[in-house]
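See below for the structure under consideration.
Which chain is which? They are A, B, C, D, E and F, in the order written, and residues in each are numbered from 1.
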Amino acid sequence: MKGPAVYPGTFDPITNGHIDLIHRTLRIFDRVIVAIAPSLRKAPFFTAEERLEMAREATRGMRGVQVETFDGLLVAYVRRMRGVAVIRGLRAVSDFEFELQMALMNRRLDHAVETVFMMPSEEYTFLTSSIVKEVASVGGSVKGLVPPAVERHLKARYGKKTRP
Amino acid sequence: MKGPAVYPGTFDPITNGHIDLIHRTLRIFDRVIVAIAPSLRKAPFFTAEERLEMAREATRGMRGVQVETFDGLLVAYVRRMRGVAVIRGLRAVSDFEFELQMALMNRRLDHAVETVFMMPSEEYTFLTSSIVKEVASVGGSVKGLVPPAVERHLKARYGKKTRP
Amino acid sequence: MKGPAVYPGTFDPITNGHIDLIHRTLRIFDRVIVAIAPSLRKAPFFTAEERLEMAREATRGMRGVQVETFDGLLVAYVRRMRGVAVIRGLRAVSDFEFELQMALMNRRLDHAVETVFMMPSEEYTFLTSSIVKEVASVGGSVKGLVPPAVERHLKARYGKKTRP
Amino acid sequence: MKGPAVYPGTFDPITNGHIDLIHRTLRIFDRVIVAIAPSLRKAPFFTAEERLEMAREATRGMRGVQVETFDGLLVAYVRRMRGVAVIRGLRAVSDFEFELQMALMNRRLDHAVETVFMMPSEEYTFLTSSIVKEVASVGGSVKGLVPPAVERHLKARYGKKTRP
Amino acid sequence: MKGPAVYPGTFDPITNGHIDLIHRTLRIFDRVIVAIAPSLRKAPFFTAEERLEMAREATRGMRGVQVETFDGLLVAYVRRMRGVAVIRGLRAVSDFEFELQMALMNRRLDHAVETVFMMPSEEYTFLTSSIVKEVASVGGSVKGLVPPAVERHLKARYGKKTRP
Amino acid sequence: MKGPAVYPGTFDPITNGHIDLIHRTLRIFDRVIVAIAPSLRKAPFFTAEERLEMAREATRGMRGVQVETFDGLLVAYVRRMRGVAVIRGLRAVSDFEFELQMALMNRRLDHAVETVFMMPSEEYTFLTSSIVKEVASVGGSVKGLVPPAVERHLKARYGKKTRP
């Protein structure tokens, strides 16, 4: 293998769809770095530290996975980590267009950075971090949609409002 | 008929496109419940009470229509009302993808809840609550786009800024 | 119930995605008519008779389902059958646009015909009659993708070419 | 020529993709008015004055180009300027749908206003004002993506945070 | 005006959506050339001569409109006619992508040829030459969808099969 | 490296967009197998032998590239070649949906086959084998769009019709 893959995102929080994609990436790459961006403009729900902690707990025991936070330009980070590819998941057309724009921008910023797109299992087609928070916020169960660590964090945050 | 249809949304405010869809739903279902979500995360322009009042006034005299607010999970509400279907309007591809994600999520949360999509009249293809507010905010006329009750509320809010 | 739903298509051949959609339709409508169009312009792989036979066998024992062939205008057929809605499945954006065009055309031809879109189970997102024929034509197994009657017909047609 | 084209937008800030589109518009129209909307709801990054100044500097010396700010309804502004067409750039499907909705709304508000869509050079397919700000905010170079005046303004704003 | 607009297509047959677009083009350009491509690969339903005749009859009396057939490269034809723009209608996302690819290809073949996209009236959103033929082929009425000359030609072709 | 990537397609004919994608694949994988499908249903313009010959000539001297034809199921071929990923290029939304359907179908047929999507250079966004043939058929130059070997083959086929 020529170098690790870098899987960047906000991971606010990490879902089972992300985990599925990491497993798929490991079929092709020996190592994958899950790279958590601060994404302050999006006003994330969880702090970068919480997101890091949840992602690390969720990937514990997966060989070849490393979870980090980064800031600054993604392409600079990838170069620093000697990454050979940026991994992005594709589910829907709207994802697709934004992802293509970002990938072209990254290519423009650094021609050596190649983006590869992978497809999560179809049972996760509908699954986004936003929908998870939406469901949790109105008291719905997110069991099976997120790793146990995330379930716990969501409960801690929304617990008071939850109803049976 | 096996039970009512539930037509959920923010209705901020209800437009003639929504009214058109309610009429179409009544061709198939004996009863439709217009279910107004608080949608606090979207920071709605009108309060839930105002939205309820406008929707009730706009549907007054339509047989089989009931307007309510609800909170919590949509699927729990549908089950409580013994609804057999969730109604959603489709206009554009971007609607479509988000709607499919939500419908799949709702199906996952409660397998008994079926979402059916209907199409407003093509003269309302471009009509969204956001565009109505955008036009009203810069002093444009929204006559024919929204029910009279909504026109009145928009004028009350934006009236001072309106110019000839 | 105000009248039956009509589910038109080429059904060349009927797949488990179609069957799934029929089950979902029956949650809302008491009766559904599966209406097989000759679709001669598409040069179908199976004759209308074969498609009818496969669809009947696949829906045998499902209460409220009737399978017929029709020709001429869909809206005329729906009117003749006193149908209250046309059912169409939506999976992908490309489906969606074509379906919307057809639905608007049908509405233009007969204002009383309402089209209702439903969503198959996500495990059938990828499943089309074309892909089934593609896979069968190169000797792949279509078990679980189509009803047993269709599997048999496909084997009869492609059997000679199949390899282990 | 029957009248000027009006090219409205937020231009927060103007990019080389916008400049490219202005050049293309000038092949067809003798005059183009770049019309900067306040867009207060979008909470723009630069003030209307800064955006005006940058757009004027970037188009200095281009024959037939006039840069203005406007408020109120776009269609009212176009009529006041005796414009014959509204120019919009199309890059991606998501652009396309929103643009079509706006164009239909504008047509509804004033039947005389025709919207014309043009395509920037493919090297700018990925280029949006948002992506430019995103890159600048994490210290990336936007040379070649924006006019020099914009580069300067971005540096002034983000300069402290930039790293080598 | 710098030169005529060229509106190319197969026009098999010309519809009221095309006529609507020609009217809109004339608001911006003094002259428009409707340029009928032979499109032999598409195996058109009407001959080029029939298509020319129907388009000429449908645009008779419209000032500034010229109808021609052409073959060879569109960009070479545009240059020969001293055209300043190629006009294309946009209705749906699927149109959009194909149109963008063709426009980029034409730009690559001749940098001086600019494509501009316009939007037909929303009442023609669903209207394509294919759908018109589909409806006529099963005996449906296409009144109001196509000019009278086309209605006559379709009847002559499909007349025998039509039923009340 | 865990195994080769397989890049399947009709390659009718191979274009510079395909060549660009092969170069990008080689940044990630040590070996890539260009796998030409007979695609008889598409009635290809060039025979499988011609397509093989053109692709081999176009990739001569590229380390790690192997060009083959295959028939039968793609997933069976990938398994036979011990491939770890199927490579597909993404340019447009319409590509995207079809590609996702095929990728899900292949995953269903063999869970070990992962599909990876990559993006050609934006200068090839518009470039498809169909558009190349379209241009060549009306006498346009395809220089810079296809490798020299393909240019030669296209000239041989269309040469008689070409005009200056």
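By our rule, a contact is a pair of C-beta atoms (placed from the backbone, for glycine too) under 8 Å apart; a residue touches a chain by one contact, two chains touch by 3 or more.
What you see is a predicted model, and the numbers here were worked out from it, not measured in a lab.
Student: Of the chain pairs B-E and A-F, which one is connected by the greater count of C-beta contacts?
Tutor: Between B-E and A-F, the larger count of C-beta pairs in contact belongs to A-F.
Student: Matching residue numbers in more than half of the contact pairs is the bar here; say which of B-C, B-E or C-E clears it relative to E-F.
Tutor: Selected from B-C, B-E or C-E as the counterpart of E-F: C-E.
Student: Where centres are the averaged C-alpha coordinates, which chain has the largest centre distance to chain D?
Tutor: The chain lying farthest from chain D is C.
Student: Would you mind pulling out the distance in Å between where the CA atoms of chain D average out and where those of chain E do?
Tutor: Here the centre of chain E sits 31 Å away from the centre of chain D.
Student: Using Cα averages as centroids, what's the distance between chain D and chain F in whole Å?
Tutor: Taking the mean C-alpha position of each chain, the two centres sit 38 Å apart.
Student: Using the touch definition from the top, which residues of chain A touch two or more other chains?
Tutor: Expected reply: 93-94, 97, 100, 104, 122, 125-126.
Student: According to the definition already given, which pairs of chains are in contact?
Tutor: Pairs flagged as touching, ordered by label: A-B, A-C, A-D, A-F, B-C, B-D, B-E, C-E, C-F, D-E, D-F, E-F.
Student: Across the complex, what residues on chain C touch chain B?
Tutor: The contact residues of chain C facing chain B are 1-2, 24, 27-28, 30, 84-85, 90, 93, 96-97, 100, 103-104, 107, 112, 114-119, 122.
Student: Quick one: which bits of chain C touch chain A in the complex? Just the residue numbers, please.
Tutor: Answer in residue numbers: 93, 122-123, 125-126.
Student: Give every residue of chain C touching chain E within the complex, in rising order.
Tutor: Residues 41, 71-73, 75-76, 93-94, 97-98, 100-102, 104-105, 108-109 of chain C touch chain E in their complex.
Student: Would you tell me which residues of chain D are touching chain A in their complex?
Tutor: 92-94, 125-128, 131, 134-135, 137-141, 145, 163
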